[in-house]
């Protein structure tokens, strides 16, 4: 695999696809759909190839040598004396245990979402072009190791998302789209500022021994690289450093979304078309937590240690608050949206524990939430396509009408409430093991267990309101799943159950990296040992 | 005499420009029947001038040296990479404007006066060229007036609608007053220092002190004159009205070229007059007589905020772009307030990008206006579907103006913010960033009208000629490419920061 | 005969029903006959389990057979070492016996259901679910660690949810299923936290390792309080599953499910899982924890017995009697009578299953009539059902020569001894009271159902004995309620092989000072003085011996008393029950309405949560997502300004910024008057202002 | 008899300047506004000449004044042309009525 640019391929393939699509004539609908299906399929294949060549014992995180599938070359190279005359930006991609699960997730979810996009019939060309662009952006965020590159991909997603919600969305689409856009942009400008700050606090040494500022994330993590006078340099700890941490965290928290920045999510979800909800919940939300793990944690270890409890607190609030609000929803999709607020809370809680099991659980939960919530949104889409309503109280007794569908729903719902045998259980259990294991977050973890109960409450209540009881005659004409819907739901269900029975398949990927992350953040590795990088 | 000969050699581009002007006027007299040839002549003239300008690159010297009674030699015209950079900006925009005008309905309606039109554009260019290079108050004032006078006429050139002449009058009165103020300020400075040459004044400022009040008064008056050219608050009031009233080609030209000249003048004025020396890190040491830093910070923040917030309300795209150009003037000022070569580089970079994206936006507006004769935002509903190319490029321009990756606009903003953070001006950076979030409101609003609102049968399909398509692409492609790969641009800017003296 | 064989067999037994489930659920639509396959699978599982039981008891009687493998392995920073999460199987005698019991009843229920469920719309699916349940239940039985216990615990919950709500078109059924799952979850949370406490301290879920650690004096977080807490928290799981107060409310509702399901899940096996869990963690319970358990058990048994007195739905009566019997077992574990608790678990499984299946066959015969007031005289119509039912009733009432007599007597003896040793006399008193009540309501049931005159003649005419597939299980189960299977001597369970050879009370591992005095192990010398089996301590054993006969006597008396009352009321009609009910109106109403506990929960917890959640939702929309009248007012104001803005007014934070920027923009816009002179004035003024602001002096 | 010094000139120019500004701001007739502008320019001119004379700066001041006068003439020419044009379209030269472009 050495030398084969698999990451660039997996990232930019969709872009090629987009360009190709732009040259298709407008009325050519089928080819466009099949092309994008093929492309996402290839992505999945590439992801599997990547996994099959993955070295489970390589740590990554802060150590460039142990990153895998690295692609690194000078992208912007301006030589000169003053710093501005001397800008070096790398095209730097690579994966480790933190990003590989996300890459897999992105590939899978994109593929599934493409399938579920089959029903799109309004300006198909534009839709799939934007969709593929979005895909590329998401993939890029997870593989980029240069902050500049990371930021470009990060922002690259905004616009396609805006259009995908705004053009193909529901009645209040414009409102939802702009809300999403403004919220996220607000977040990302702070990220930008902190990025520049970090840029001025980090130097890398060139071959000729001269030092230049760098956007290299790994260099930013290494105290040996921080400049003496850099405003965010670890060498002169100041309030700015704290402010930058908060700024970054806020930027990412909006994506998660963390209470109280979560209000864009329900609107975006309710208005977005099904495949976009799937992408949104399946992948986009993970970028927030991924960003925190990739950037906040290793770049500001001391502040992270300082804020553990607060992060856990917000995690707890997310869990309980999201669940309670979900309990009161009347709209199926809104309910699922709030349930993801609740589930992302587990991720925060696990991360906050700063223990291997906790963070393993968190990342695993990111993956599982991706698959499970994707499935849930697909399920909503199925019923919405048929009945054109999402009101929880408009239904009833559908189990008699659509037994297979009900079967899938049951699987998804019980996965969502963390039933053993499904992947969700493992991740939530690990999160609790981790956060309970650490004295600091023990009480919060105990309170958070209420989430398990509330989750069961709203999920089962929904199940009952829609599927059980006497059949509402209005729906006696609804048909059961068709082939395409099978194709969307079956793989997800299989993944969920497989990972529930054999979680090591995923945990082993991340374990090594997470371990070294925890080591690094909790300061067990002093700067000397890694200054040699 | 050698001195004079040498000087003439140094101002060769200006001379060529003047010759081109003459040729233009004469040819206008010769061919009264068919004016179709005029644009080509104009284009040729600009091209030739451009060639001479490029020829001047990496070459510096003073024209019309009056190197008496001082240690350093200096003159009225400074030829240096910095000047060349801005001259190139002017050339580039002029060429584009010629192309615009070639396909602009407005201009073609007044085909018989095409000769005057281009002649006046050349007049503007001449004025800009001297503004860019002038290092003496007399020349500064004269060139400013030359620029202004031609632009007054041009802004009212097509008397198709009453708003043209109104724009002209407002521009005239406003401009005359501000140049009057400037002149008065100059006279005071002359009185205080006894010279009109920036270098002399600089050397005097470094040694002996003056009546601070009078001096500040004078400087502020001068700044009022320049500030009106770069339309920075609080001297921007003419901008929206004139931009809306003037023919769109001229609006575009004013928004880029004369702004460029104004900025060149401002920077040269500050750098040569008020900077004592430049340290190794490229930071400028200001002379302790006038607090440029504070005043410029305040003005730039005021400018961008005012521009962005007012733009929120505009339903006329020309007017909206006018406000957006005010806001960008604010961003550009950020490059100066850093008072370092870094800031200067950032600003130059931003200017190149600004030229592309702003002209691009105006081009699209113009093409649409050609078709539907209106710039109202409601007439853009669903345009993205009826004319995809225009829609997509307009979207790209607007995104770039907002400053989102992967467009060039992001690089420009990034460099400005980098410069600010490096100068530890975090607060200013934050304000600027929030401003760019606000700006998203009105830029995205256009996208909303173009895409989120479906096309109706009333929506026009703007099918532009191949030439226009090409023109749009010529501007779009660099906007995208520079967003991904921008080192050449930076290198170019880096080599252009040398300002003569010091 | 090798250990690995036993392990492999029991794992095979575990997975057979799962295999059955998957096959039937996926292919059931195509091949409706597949239910037979499921039944066959269960039968074979039964045979295998019989073999395992035999092998275990003969070849490895005293040895526990353990096998485990590492499921998840990960580093464990910040604590440094490595976590290995194992899954494992532990076949000790208890497990082996449970394997047999579960498989037996499951198989019988399968067979029974063939007739009972015939013609149901989801016939095959029903058998699939039964398979799933059996799988999960067997998992609980053979597991060797807490995590796996929890996993199967939840799976059992799932299958019970599916089976209770099997007739999902009945709203009541769907509700009952939901209720069961959620109420169980409450208990599970406690159990989960308890597990977390243990795991955090011992970095393992495996029972034996944890116990060794505790025995080594390594307490959770170094304190006995935490040890007690852990015990009680894990016990909470049992409170949920075994329907102990205050979480008992789900079990009676669960009777909405098909009757065979009630027999299998809600009488014999699943509800017993709670008791089984407590037997597993028995050794790590401190005195305080045990007291809590005993009290909860006792109270539950009393409470539900009083409710059972007045119920008229045949299944409800049995349901409450189940709760009460489970309370019995829990209580007996609480007082340390480990063996009798388990013994009673087994015997109860048989006769209670028999009772339920009997009631099922009655209901079947009466065309889904469940009200005993409408029955009567069925004795002649369906003799087999009657006799089997009667035997089981005798067993549950604790009449000699039945298995129930042996186990119950043991439990009562245990409580009596406990009372004597600790002075907690209330517990034995409750025990005996419940025994009396049980005898009463069970006979009330029998008499009203089978004796006397039929009330509903129409239904009575059509009533008929059920076919053999349904009666055969009844016979088998009732036969298993005879003493002979457990002991040759009908009055002394201790003499029986069950107690003597098969099941032993394990030794406590908790520190001595946290045990009851009588559970502190005596020295070897002291033990040597008296012969025979020493449980806990010499003192305790002696007290048990002392308590044996008094307990037996008293239990006989109270049972007889109970039966007598029943006869007086319902056969000889000496006293009119209804009149008495009028006299004791308050009590009667209370008992009839289950002491209004459900209503209480509805009023407080449930509606409380729902209201709170809707308040939060409102809060979320209005406050967090943009001030209430703020956004309304704002949108109004704003929309006055311009058309697009109201579609654009993004609420919440963004909303505010939008409004703010709009407002500022609006005011800026006002400056642009269009009058050039005004502009010039602005210029002049700004020059002056600048001069004043930035004057250098 | 009193010696006319720099101050006097400056005072005069200051007064001229103020009058100029006043006229610009208050006059409604466009032509009068232009007059005001002329005043401002001439105020500057006076400054230049006065400074040149009393500060012994050589003749640069006078030179500038000449340039300015010429420019003023050119400006006036263009201005009047534009005002004419305005009169054609608006049938008035009242600067207050010329406010179609605003906000």
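Letters A, B, C and D name the chains as they come in the text, with residue numbers starting at 1 for each one.
The rule is simple: a contact is a pair of C-beta atoms (placed from the backbone, for glycine too) under 8 Å apart; a residue touches a chain by one contact, two chains touch by 3 or more.
This is a predicted model, so every value here is computed, not measured.
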Farthest chain from subunit D, going by mean C-alpha coordinates, please. C
In angstrom, rounded to a whole number, how far apart do the mean CA points of subunit C and subunit D lie? 99
Between subunit A and subunit B, centroid-to-centroid distance (C-alpha), Å: 44
Gap in Å, rounded to a whole number, between the CA centres of subunit C and subunit B: 80
Between subunit B and subunit D, what distance separates the C-alpha centroids? Give it in angstrom. 27
Where subunit C touches two or more other chains, by residue: 648, 657-658, 669, 672, 674, 676-677, 680
Send over the residues of subunit B in touch with two or more other chains. 169-170, 173, 177, 181, 240-241, 313, 437, 441
Contacts with two or more other chains occur in subunit D at residues 24, 33, 95, 98, 100-103
All pairs of touching chains, please: list them by chain label. A-B, A-C, B-C, B-D, C-D
List of subunit B residues in touch with subunit D within their complex: 137-138, 141-142, 145, 149, 152-153, 156, 159, 162-163, 165-170, 172-173, 176-177, 180-181, 183-184, 186-188, 190-191, 194-196, 240-241, 244-245, 313
Contact residues on subunit B for subunit A in the complex? 281-282, 341-342, 345-346, 385, 399, 404-406, 410, 414-415, 417-419, 421-422, 424, 426, 429-430, 433-434, 436-437, 440-441, 444, 447-448, 451-452, 485-487, 490-491, 494
Sites on subunit A touched by subunit C in the complex: 174-175, 178-179, 182-183, 186, 260, 263-264, 321, 324-325, 327-329, 354-357, 360, 397, 399-400, 414, 419-421, 425-426, 429, 432-433, 436-438, 445-446, 449-450, 452-454, 456-457, 460-461, 463-464, 467-471, 503-504, 507, 511-512, 514-515, 518-519, 522, 524
Subunit B partner, complex, touching residues on subunit A are 75-78, 80, 82-85, 87, 123, 151-152, 155-156, 158-159, 162-163, 166-167, 173-174, 177-178, 181-182, 185-186, 189-190, 192-193, 196-197, 199-200, 231, 240
Once bound in the complex, which stretches of subunit B touch subunit C? 169-170, 173-174, 177-178, 181, 212-213, 216-217, 220-221, 223-224, 228, 234-235, 237-238, 240-241, 289-291, 294-295, 298, 305-306, 308-313, 315, 437-438, 441, 445
